[in-house]
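Attaching a single structure in structure tokens format; questions to follow.
Labels A, B, C and D are assigned to the chains in the order they are written; within every chain, residues are numbered from 1.
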């Protein structure tokens, strides 16, 4: 399954890219599993996802928890807690 | 003692004047007594002060209760509950 | 630095943007401003106009006292209140309150406090003209306004 | 009539007066409008600029969802939210929320609610540039903002 990923703020800076398309292996079914899989890619990803609990995630422009499935998603985004307003 | 009086909204309309200067008799020492004295002047004043409890009063531009003294006052005002804003 | 307090009673309409700018321009410590505007409604098409009578001198003095109380209760950069008098048509502005502060909660609460007290304590009275030509008479004070003002007396505040 | 909802994400500055007019013009049933503006502070002279990053598409969608929730909770005529992105200097505006309603309490509460949720749920991130040239880094989320948003979850409202 092909999946568009978006990274923002310091997650983007550590990962080293703002967006990419990935093909996660079959065993990766939730966003939490996707984070664990991404964290193993290289040092940048490892640094971005060092403390997974602080990472907020969105699925197709809606906030979701890490236990949300990736099945059927078009775009998954990873970012720190929001500081707008 | 000479005292300036001001009337607003329906109190003004019933009394028939916006302001006047009066010389209350010596026995009139509080705003409540002033209201009772004014109410006896004519039908218009009687109508304005028919229900004294609803009349709000100010002494020299500050809200006061009916038991406030008139001694030393420059201006006493009478009006219905406020409806600004 | 004590907050700027600006109080005006006027017949003319006012501009929210420029009044807010007067509180914030040249300052770099304002994080939040809240501007409340009160508008004249047409009451379901029945109201032709309102005429606002006020007590000159006391109106300014009383609103200043309320604004000073707001400045004591919250950490404010500045507070503005402008109240119109005279004849006002549906769709026109009646009153403006602007509160500026470092933090948004203070700005929201101070503006809300000022409006609640202004409604019940500022010497203004509204008289209605009806569309059908009948005498609308003097607007009666609302108990809900008294209740709104009273909630601040028990120290209700999230600060 | 369901309330007008206007959401914009833009680099340009905005004008409170004209945004409020867009919610109230041609209407005679609006009695109150509350405009909240968030400003960039200089943090005691240490901040040179903020850069606001956002998630295009989701930012609009999320703020729209928050505004729709406000429209469900309060009786509103309309609600506007405008959030800037890009580089913003101290003294400049960052965000505007305007809520218009028949009654002032609804306008105050809806604007406050929208700001509290916008702070914690809208996908924006602030990065600081310091006056002294050091890297200020990403602003950390504040627990006080989470607490401010949570107070609405227990149904706190005077309505």
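Rule of thumb we're sticking to: contacts are C-beta pairs under 8 Å (C-beta built on N, C-alpha and C of every residue); 3 or more make two chains touch, one makes a residue touch a chain.
Remember, it's a predicted structure, so these values are computed and weren't measured experimentally.
S.K.: Let me spell it out: compute each chain's centre from its C-alpha atoms, then which one is farthest from subunit C's centre?
M.R.: The most remote chain is A.
S.K.: Could you give the separation in Å between the centres of subunit C and subunit D, each centre being the mean of its C-alpha atoms?
M.R.: About 22 Å, centre to centre.
S.K.: Just the number, please: Cα centre separation of subunit A and subunit B in whole Å.
M.R.: Result: the chain centres lie 73 Å from each other.
S.K.: Using the average of all C-alpha atoms in each chain as its centre, how far is it in Å between subunit A and subunit C?
M.R.: The answer is 48 Å.
S.K.: Round to the nearest whole Å and give the separation of the Cα centres of subunit B and subunit C.
M.R.: 26
S.K.: Which subunit D residues sit where two or more other chains touch them?
M.R.: In subunit D, residues 38, 115 touch at least two other chains, as defined above.
S.K.: Where in subunit A do residues touch two or more of the other chains?
M.R.: none
S.K.: How do the chains pair up in terms of touching? List each pair.
M.R.: A-D, B-C, C-D
S.K.: Quick check: in the complex, which residue numbers of subunit B touch subunit C?
M.R.: 6, 8-10, 12, 58, 61-63, 77, 79-85
S.K.: Given the complex with subunit D, which residues does subunit C contribute to the contact?
M.R.: 15-17, 20, 24-39, 41-42, 44-45, 90-91, 102, 104-105, 107-108, 111-112, 115, 148, 151, 158
S.K.: Which of the residues in subunit C end up touching subunit B in this complex?
M.R.: 38, 52-55, 57-58, 61-62, 83, 94-95, 115, 118-127, 138-141, 145
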